[in-house]
Each structure stands twice: as C-alpha cells, then as structure tokens.
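Labels for the chains are A, B, C, D, E and F, by order of writing; each one numbers its residues from 1.
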Amino acid sequence: MRVDGRQASELRHMTIEKDYLKHPEGSVLITVGDTKVICTASIDERVPPFMRGQGKGWITAEYSMLPRATGQRTIRESTKGKVQGRTMEIQRLIGRSLRSVVDLPALGERTVWIDCDVIQADGGTRTASITGAFVAMTLAIAKLMKEKSLTKFPIIDFLAATSVGISEEHGVILDLNYAEDSTAMVDMNMVMTGNGEFVELQGTGEEATFSHKQLLDMLAIADQGMKLIMQKQQSALGEIANLIPTIDEVKSS
Amino acid sequence: MRVDGRQASELRHMTIEKDYLKHPEGSVLITVGDTKVICTASIDERVPPFMRGQGKGWITAEYSMLPRATGQRTIRESTKGKVQGRTMEIQRLIGRSLRSVVDLPALGERTVWIDCDVIQADGGTRTASITGAFVAMTLAIAKLMKEKSLTKFPIIDFLAATSVGISEEHGVILDLNYAEDSTAMVDMNMVMTGNGEFVELQGTGEEATFSHKQLLDMLAIADQGMKLIMQKQQSALGEIANLIPTIDEVKSS
Amino acid sequence: MRVDGRQASELRHMTIEKDYLKHPEGSVLITVGDTKVICTASIDERVPPFMRGQGKGWITAEYSMLPRATGQRTIRESTKGKVQGRTMEIQRLIGRSLRSVVDLPALGERTVWIDCDVIQADGGTRTASITGAFVAMTLAIAKLMKEKSLTKFPIIDFLAATSVGISEEHGVILDLNYAEDSTAMVDMNMVMTGNGEFVELQGTGEEATFSHKQLLDMLAIADQGMKLIMQKQQSALGEIANLIPTIDEVKSS
Amino acid sequence: MRVDGRQASELRHMTIEKDYLKHPEGSVLITVGDTKVICTASIDERVPPFMRGQGKGWITAEYSMLPRATGQRTIRESTKGKVQGRTMEIQRLIGRSLRSVVDLPALGERTVWIDCDVIQADGGTRTASITGAFVAMTLAIAKLMKEKSLTKFPIIDFLAATSVGISEEHGVILDLNYAEDSTAMVDMNMVMTGNGEFVELQGTGEEATFSHKQLLDMLAIADQGMKLIMQKQQSALGEIANLIPTIDEVKSS
Amino acid sequence: MRVDGRQASELRHMTIEKDYLKHPEGSVLITVGDTKVICTASIDERVPPFMRGQGKGWITAEYSMLPRATGQRTIRESTKGKVQGRTMEIQRLIGRSLRSVVDLPALGERTVWIDCDVIQADGGTRTASITGAFVAMTLAIAKLMKEKSLTKFPIIDFLAATSVGISEEHGVILDLNYAEDSTAMVDMNMVMTGNGEFVELQGTGEEATFSHKQLLDMLAIADQGMKLIMQKQQSALGEIANLIPTIDEVKSS
Amino acid sequence: MRVDGRQASELRHMTIEKDYLKHPEGSVLITVGDTKVICTASIDERVPPFMRGQGKGWITAEYSMLPRATGQRTIRESTKGKVQGRTMEIQRLIGRSLRSVVDLPALGERTVWIDCDVIQADGGTRTASITGAFVAMTLAIAKLMKEKSLTKFPIIDFLAATSVGISEEHGVILDLNYAEDSTAMVDMNMVMTGNGEFVELQGTGEEATFSHKQLLDMLAIADQGMKLIMQKQQSALGEIANLIPTIDEVKSS
C-alpha cells in the first residue's frame, strides 16, 4: 500500500465544483487529494494579432501558484518580474491540450482565456489544471451556445490528464502525490481524449531512465484511471456533457 | 435602502474560515459580501537585511488578485513583469497596519509574510485583506507560542479595517461594495484597533472634495461597524483571541 | 521650540520661483525649508487610450528624487529597472489631487503631464510637490487660455498640501522636516482646496496609533498653515491667480 | 519519398566537428541536414547555491538562436528583455537529459555549463542540441580527467536525441526537417541512452491526437535511427568514447 | 555670426556654482549657455566587487535628464524600466574620463559616485557633465584630504570637455548648441587634460564623413576653448585648485 | 616583434566567407586572427515608426557574443534581461557607420537589419563586425537590385574599420588582438571610407592620455591598413564590388 493507503492503480479522491466564482464565464474548483486548483475560462471577443482574419478561434492558458500553496513559501513571479520556465512549460501544455479537442473554426474569431491558479499543491497540479480547465472551458462555451453566439458546439471530445510513475518501492503507480513525485524514478504526464487517444505524453527520467516495457506498463495503468476522471467531468457538467460527441464512450467505460 | 438592500450604516455579511489551507502557519478565507480573499501568514526565521541584528521582528505583506476575480479579466502582473502602483500601495498599507499592533522586539528576529490573494472582488478588497490577515497572523504567531518559540505573546491589540464613503443618493454609507465604490464621491479606508484608536485613515475625493463635517460623520459610522468586525475575528480565533490584551473591549462593545 | 527653532504651528520658509525652466509650458522651483523640488507641467494634445473619445482631459504625474537629494545616495530607479512602491504612491497622489480641482471636460481631450523632481530632500517632498505642481499646472493651462486653445478656464479651485504630525516632545506639529518626520509617532498628509475642503487625508501611525481627539487637533493646526501656503501660490502666479474662482477666499484668509 | 528525397526511416546527413572553438573546455559544431548548432561545455568550479555542500556536481544548459537562423528574422530575447517559454522548455530539457547519464557525485562540486547556439535552423534544433551537447560535455569532462581533477569518469552512458512524427502523406517518419515539422500531425522528441532506454519522451498532437498503435510505430522507427546517431558521436569523440561504459553496445548496434 | 551671435571659435557663457546641494560631499550647478546640469560626487567607502582587495579606488558615473529638460517631454527611463543606449554611452564616457586624471591607488579602496542630472538641455550636455563632474569630484576628494582620510591628493591633472563640429554655413565651430548640433555634418566631443593631452576623442559623421584636414582644424579650435573652460573650473574651486599639479599650466594659458 | 610575431603596422590574417548562412539576404563569416563574427543583413520592407512617410530607408544593427566566445563564460544578456552598455555602444556604432555610406532615400522605405554575432573573440570584435557587416549589407542590397526592387544602387562608398593603439613596448601598433588591447595605454577605433575619409574616430586613454603627435602617428598607420581591408571586402564581393562608386580607389590603393 502507498503512503496514503492507495493501491498502485488507484486515483486520489477528486471533486469538481462548477461555477465556483461569480464573474468568469466558466469556473471550477477542482480538488485531487490535497491539490486544489481554481480554473476559470474567460471569453474575449478578439484573437491575438497573429491569428486575425483567419476565421478561427484561439485558446490560451495561464498558470500560477499562490505563494503558500506549497510547504515552503515561494516568491511571487510578479515580484521577481519574470515568469519561470516551469510555469511557461505548464501553461503552454494546458493551452495546447485544450486546443486539440476544439474545432477552432467553429469557435469563431474569439479567444478563450484559461486561468489555473493553484490554491494548494500536493503533486499533479498540471494534470489537475488540465482536467479542471476542460470543464471550465466547456461551461464557458456552452454559455456562448445558449446565447446563440455559436451555431455549432465546437468541443469535439472529452479531455483529461493524469500522471503515472515508477517508484522504487511500488513499481508503476497512478496519480502521484507530492511525496511520491519527489522520490519517483520516472514521472509521466498523460493527456488523453474521451475516445482513448493521446494528446500529450511526457515521460521523464530525472537522473534515471526507463525501458520499453516499463513504458507499456505505465500506459496501461493510466488508461483505466483516465476514464474515471472523465466520468467526474461528466457529472460536474451535467446536461452540458451531452453536447460533447464522445459522451457515450465516457459513460460506457 | 442601498443597492443590495442594506441600511446606510450596515455592514455586508462577513465570514472568516480559519485554517483554510494546510501548508501555511496561519490561513483564513474571508468573505465580505461577494468579496473573497485568502489570507495566509508564513513564518520565516530570518529578517530582511536592513533589519538584521536589531533584535526585532518584521511583518510584510503581498497582495494580488486572480485575473478573473474581477468582471473583466485583468492581465497578470507576472506576465506584465511589473507590479502595479495600486498593488504596491495596498501591500504597503497591509504591512504597516499589522506592524502597528505587534510588539516587534517581542516577536524576535523573524519575519511574518502575509499573502492576501483576492479570489473574487466586489469592493473593499484591501480592508477585507487587513481584517483577514490579522486573523491569519494571529494564528501563525499563536503557533509559535505553542511551540515555545516565543516567551511573550507579541500581539498587543486587535486590528480591523473597513471603508466608509459618501454617495450622492444615500449620503454617508458604510462598507461599500464595488457598485457603490465606483460611484461614490468620497471614499475613506480606515484601520482601527480594539481600543478604538486609528492606525490608518485614508480619505480621498476622486474628482470631488469633502468638508470637516462630512469627515466627522464618516468617522462616527465607521466606529460602530469596526466593533462588529472585531467580534467576527474573535469568533474565528476562538481561544486564541484571549491572548490579545484588548479582548475585553472587543467583547463588551 | 522645535529643532529648527519653529513654533509647533509654524510653517517652514517657502519660496516658489515660477518659469524656472525654459522648455516646459509651466514650471516652478519650490523650496520648503531645505526641501527643493522642480515641478513642470507639459501639455500633450492627446489623452491616454482608456480616455479617448470621452471629450475629457487628463492630468497625470511622475515623481522622482535625484540620487543625492538625500543624505545617503539612493540607487536610481532607472538603474534598478523598476519604480518603487513609495514613488508610485506619491505620483498617484499628486495626479489624483490635481484632478480634483480641474474641470476635466473643460480642459478638452489633452493631458497635462506633471513632473516633480526632488533636487534636495528634507521632509515633506510629496506635499511640496503638490503645492508646486499646482502652480506649474496653472501656468501651463493659463498659456493654453492665452493661445485661445481653451474657451473656459478649467481650474476651479486652489490646491495645496502640507503635513502635520505628533511628536513625543512637542505634541501636534505642522510641516515636519526630515528629522521630525523620522521620529514622529503619527504623520498625516493633507491636501486641501481654497474653499477649505479636504481632497486627501492620509494619516498613518507607523508602529503607533492615534485617537479621535488627536485627529481633530491635527486638522485644526493644518487648516491655518494651508491658507498661508495658498497665499504663496497666489503671489507666484501673479495676475493668473485671478482666473481661479476661489481667489477671494485665499486673499481674505 | 519525402520532400528531401529521404525514406520514411532515414536520418538526415549529420556531421559533428569537435573542438570548433578555441576558448571552451569542450565544443562542437553539429550539422543535421541544414540545421547547424554550436554546442559548448564550460567548466565552472562552483555549483549553484541550492546545491552547495552536497558533494555533487550540476549540469545546466542554455539555448538560443541567432536572429537570422530562421527564414524570418526573429527579435533577440536580450532586446525583448525576456526569455521565451519555448527557449526555457528546450534548455530545461537539454540539462535534464544530460544529467541522466552523469554520475553527479563522481563529477564533484562543479557545474558544467552547456550552451547551444543555433546558427541555422531547419527543424530538430533541440534534438541536434542534445546530441551535440553530449559530445561537447564529454570532451570537457575528459579534459578534467586528463588534468587529474577527477578520479572516476562520471559519464555512465551515451545519450542522443531525434524526432519522429506522423505526416498525412508518409505516415510515421524519422528526423523531421522544418517543412515536415510544420505540417506533421504528431511530433515526438525522444532522448535515449546507449543501452536503449528512454530518458525523455515528448509526444504532442497539436490540434490532433494519436493512438496506442501509432505510438508503438514511432518508437520502433526511432530506435533504429538512434544507434546511427550514437555512432557519429563515437567517431567525433575518438579515443575518448572508450571511457563511456556502453561503448560496446553502441559499436555493435 | 552664429545663430546666437557667437564667433566660430567662441564658447558659450559658462558658470559653475559650487556646493549647490547640501547633502553630497561635492556638488555643482554648471550652466553652459542654456544647458544646466547638477553634478554631484558621493563618497562610498567600498569598491565594486570586481575591484575588492586591489588597494585601488574607483570612479563611476550616472547621467540622466529630467523629462522636461528637452523641448519635447521624454519618457523617464525608470518608467520604461531600462536605460537607453545613449545614456549608457554617456555615463561610461564620464566615468572613464574622470578616472584618467585620478591616481586610483592613492584614492584608496573607495568609490566616488558621480551623478550628472540635466535640468535643462540645449546641446553639449555630456561635455558640460564632464566639466562639472570634475569640479564636484575635486570638492569631494578635497573634503577627504581635509578629514585626513587621504595622505596624498590623488587628482593628478585638470580635466574638461567641449564639442567641436562642422556646419555647412560656418565651417568648423566650437561648443555647439542644440540647434547647431542637430544640423552639423560632423560632431566631435573632446576631453582634455590641463597639460594639453587627449583623454577622449569621439568624432562622428552622421550620414557624412570628414577629411584629415578637417580633423586638424577641429583639434586646433578646441584647444583654445579648453583652456578657458579650465580657468572657470579653477575659479570655482578656489584654493582647492592649487592641490592639482597642473594648476600653473591652466593659469598661464 | 609583437606577441603573435607581427610588425607594428601589420594586420592580422583576415578572411571573409560570403553567403555563410542560407536564410539571410546577405551573410558572411569574417575572421580576423582568432576573432570570428557572423554578420547577416536582413531586409525588412518597413521602417521604424519615427521614419514613416519620409521616403527614406533605415539601417540598424544588433551585436552579441556567444557566452563562450570569450576565455571566461559570460552571462547571456537575455538571461540577465538587459543589454549591457558596451553592447549598445557597439551596435549604435555599427548602424551609424553603415548609414554614412548609404543613400537612404535611394534605399526606399525599407530597413536593413544587421546582426553581428561574435562566435569567437580575440580583440577587435567591433571593427571586424563593421567590416563584415558592410559586405553582408552590400550582398543583401545587391539582391534587391537584381530583383529590380531598387532603381539606383544606394551604396555610395566602401566602409571598413580597424583599431590602432599605443603599447608601452611597441609604441603605435595596428589591429590589436585581445592581449594587446588589454595592456594598451591608448586604444583608437577608426571607421573609414573608400575615398579615405573618416566616419568615426574613437580614441580612448583608459587611465592614460595621448598627445597630438601620438594621434597623428596613429592616423598614419591606420590609413595603410584600411586599404588592405577594403581589398579583402572587394574580393569577397566579386562582381558586386563594381557597383560601388569608389571601387577604383580601393583597387588602386
């Protein structure tokens, strides 16, 4: 049994509270174990300069942590005057992932701004951000549908993320918390769709390496967890989930 | 009656949820009407360079808003690479106010870092931050007492803040929400102690002025509200409140 | 008697030299005791983006100190690459104060840029800046009147500033110099108009507090000094002073 | 046949010119098709503050492109005053990859600084950088061995990188050039060791997804190419290659 | 005759007011025609890190212009967050020039900080800054002598600067004002010592070139002016001037 | 004989390899002894905002060094977030020099961006940059001529640069390498045209001075070297050199 009593292939407890804030077009508070992230989606009726006149929408993301989301206080990036590499990596990943399940021409020339703010961190903040941001984005876009600003629902698939890793003690494990992540030999973040395809696969052996067989074991264990996560997204979305084409695959899994 | 049904001298509904986050030494979620702020207090066993060797502690604060705390998304200060003047003004105010009720030599050579992150904004974010930060700081310092890191409790008085203003329609009003703040002729932020003294008084007539009589009216109305706010702080602190010398004045008011 | 021989309610010697520089539309050198500030007003025939098309003017201010205006050399903000919180606070205060006595629609869609550069500092630099900037701004706007660029004189009242404080030795004192400011228990900056109303009131007890009675004592002592300061402004402006509606109140006081 | 006449599983022409510059402890010019990167390794006899006193070495990397390495001139990051997210992602990847094949305690408390400067870009600049940087680092560390600054050779395995992808026209292809990279549906960067293990696996479907089967096809094709690349590294290193434990596996493949 | 009535080889009216500010160890207000610069010299009893332990002193300079020193308001470098190339060029020139006439080992391990702040600009601000800074530095160092902090006076020669140029209308002219500088074909700044040697010679033909003969003509005309400038420095310094070894050459010229 | 075996008036070995990179409109690799610089010229069919609508072109330059171009690794300016004064000085010098031999109206409303990236540094990087940049610029502009985008060839003269100096041991010397530059008493950079006129003359005596006679000696020695450098430029340009009006003077020298 793992440090928090889970089986190797067991997810942490997850909740998704929708419409968490009153101002954004879409918002959720997602908790994955002790990790808590506020994800909001804001509609901006413009696209960035490099996209203008192409008849396509855009989705972009920003990610941040409160200074005391972590065990030790971290200095604010605004105080340092620059955004760290890790932050940039994560926000690029979130934006890219979400774009992969959106029909951008159907979205029209508007931008969906995603903001993921980590209130409390205990490992897996980037994957929780993607999972939560998908729900926030869907809520915001559903609002556009309801207002008749869109003629076709542009979200073409579910999208969720989780991590797998290899620990010395437990072998391949799913959904690592901070203590596990710090000591794992290999850490892999996966982003998948409702129909079971990969969007992103980022496996890293910090001061370690992994074999072809270990890779396959990690993929297998992640596959199971991903479906459960998407069912949480479906519950949070309620009726709106039915607008997403792969809803039946998510329900049946 | 005001836009949200309140009397001129009536505060908004306020809640203070203590120990809101697991990592910080002290933390609260304070809500004042629709304004929500996470306040944390972190103990750092060092003081800034300019304070070293003086045998005194230090208290400093940072303030930020989530991009979608507001009706329109605001650009992150980390993305812009600089902190705005308004933010600096507020964080200086929070730090200065808290220091006025702490016996810094009794705190010893350590720093209390206060972080106020506005999750949702509807006016009065700086005063809610001060009120919440006082509780978070008290919780963190009480923990130091419990661990025997302090011999004397260094907090010498209660501290709370609220706003008063003058509106064209209602005259002098207490605890302005965003709609009221945007249209008020005069806006005054006040920070007071448990024994009824002023710590800060910042009255501003943006494109307007105010008379000596109007000033006195604003002071009178604020005085009442302040005591109610301190009773909320007392409830949130529970037993710990009794460590603060002016607890009886707060209770009796 | 105070450190420089003044009575508690006595102002420092003040001079205002108008048209101090040849390029700006309005400029003064103001000296208040050993504090010396160059204040300039520049007319820009545009308004900032957020004001465009509203048919109103704008007034904005910047404040800086020469590195050796102070006893110890301070590092330039340009070298550090960022403007300090204190500077931002002061420049926001100057701009806000000046706007309160200008009829912005009557100014038309143009910006008055105020620059206050402290050549020598001995306490009260922000209040000297406001007092001097009012004269520089009035000179620049009078020039617009003379050139027939304005149909109505948009300055509706006099504006001046000073400080009051509470010292352990002398009680309530007016117009604090640096030595007094450093040791005062309470420091209050006041900005007032020619007809005796408040524009800004910023009282601060750094590591101290003040009572309702002490506040009233400070207001009383400031009121007297303010009139004398405005008479200095009137002399510096000469004929132009008569364009300001409250000139009679200033003369008679 | 692909745009440049290659087979789907064929690498571009690759050269590695060692000791390209006179000042660095190790340096190469690596060319992969039209992509040209100068990789240097500098020995610094200190470690960063967070590593001090742990008896371990550190390897860190920086990556940049000349403004006209690309078809359109890009603005220098020094002129913009900040490093882009893409750059940070790449330099973190290079550093992390190199550290996975170095016994950091055996390196001792010193830092190897890797600089990868792209002189000409035609796709695959990050993988060429890793492949070249491994050689530059090995040269620099071999110099430390020769000077008797090290008792044990700390490089424990070969390390090389390449890309695979899926194009609409050709299916799975190896070592994408810029034209192919721009139109590929899926792009995967792989970093592997001499004994055939993965160090990094980063597969991305920008506005697309990929299946489990496609992933396996990509892994297979990369595996072959990787060995050829390591033989180029071996040739460039000459005698020094024999210090690396997995040299026999590289030779035999 | 030139635009302001001068002969080709005639300097503008120059004044040097010493001890202009009360805080700095040395300070002057220098005016050259309508150009006005405050030059201060501050003694710092440390040297920069790269100079420590060498038993030598250091002299460094900073230069800035008030926003309205010029006909059009210029944006503050602190607001832009970076120092312009022109500013850097000038401050490097000032520091380098001053160092050429100081015996740095005799100065001891301390830094003289020079600040040149242009209050009003009408051409020749960098040369006026050098001329004024030399006097301010000499005053500050003389104070160290008086306090017995130095055993030997470390200034070994006079130092002054001026400009020469070639105008289409007047040929070679001395000490260009702004109008002349804007239209000159060639502009040369010269820094010379009391014994007639060059310290800096910077001749520039912006969109033009100059011949060997024109160069010699410019040198000749500058030579005369330089002596007059040094006599102004001598008058401003009074008694202190006699500490400088080349005083007799300056007097006799 | 000098440290590298040269006579006092002897240039280092120089090569100019044209069309060094495939993307830029013009590019060279210039080597001067051990100094190696990649110079590129990029055509941008716009001019900067301050030049718009004037019917003239613009030439601007950027300069940088690879971190390990030098004996000690230098920190990247992008990492520091700001460009150093030395860099700015050099890039301003390069741009200004090139503009002096181009008929900007004949160039039309377009910008030539020059990038000089020092791959290896051994003294004289700024003069090598100018010499190389002239060739790169000429190649790029000749391409515009060939494409009929220009009706008149806008380059009106050759342009090259070198350094002269005074060393304690050898007196006046030409084309200083790094070792010589570090110990020279006087260092002078010269930029000249094909018809023998000066464009820039920057003589500096760091902690030293120089006499009128020494200046003349330096000019004489530079004059000879300059012609040889221009013959190298002519060879590199081949046919294109004949488009430059002063080609005969360069050939005959």
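Please note the rule applied: a contact is a pair of C-beta atoms (placed from the backbone, for glycine too) under 8 Å apart; a residue touches a chain by one contact, two chains touch by 3 or more.
Chain labels with UniProt names: A, B, C, D, E, F = Ribonuclease PH.
Quantities reported herein were computed from a predicted structural model and do not represent experimental measurements.
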_Touching both chain D and chain F, which chains are there?_
none
*Along touching chains only, what is the step distance from chain B to chain E?*
2
*asked:* Just to confirm, which listed pair, B-C, C-E or A-D, duplicates the contacts seen in D-F for more than half of them?
replied: C-E
_Averaged-CA centre spacing for the pair chain E and chain D, given as whole angstrom_ = 52
*Provide the C-alpha centroid distance between chain B and chain F, rounded to the nearest whole angstrom.*
61
*What whole-number Å value describes the gap between the mean CA coordinates of chain A and chain B?*
34
*Can you give the whole-Å distance between the Cα centres of chain E and chain F?*
29
*Hunt down the residues of chain D that sit against at least two other chains at once, touch-wise.*
81-83
*Beginning at chain D, go round the ring through chain F first and name each chain as you reach it.*
D, F, E, C, B, A
_Parts of chain A lying in touch with chain B, wherever the complex brings them together_ = 21-24, 27, 34, 38, 40, 42, 44, 62, 64, 66-71, 73, 76-83, 87, 113, 115, 117, 119-121
*asked:* Can you tell me which positions in chain D touch chain A when the two form their complex?
replied: 82-86, 88-89, 91-92, 96, 99-100, 104, 157, 188, 193, 196-212, 215, 219
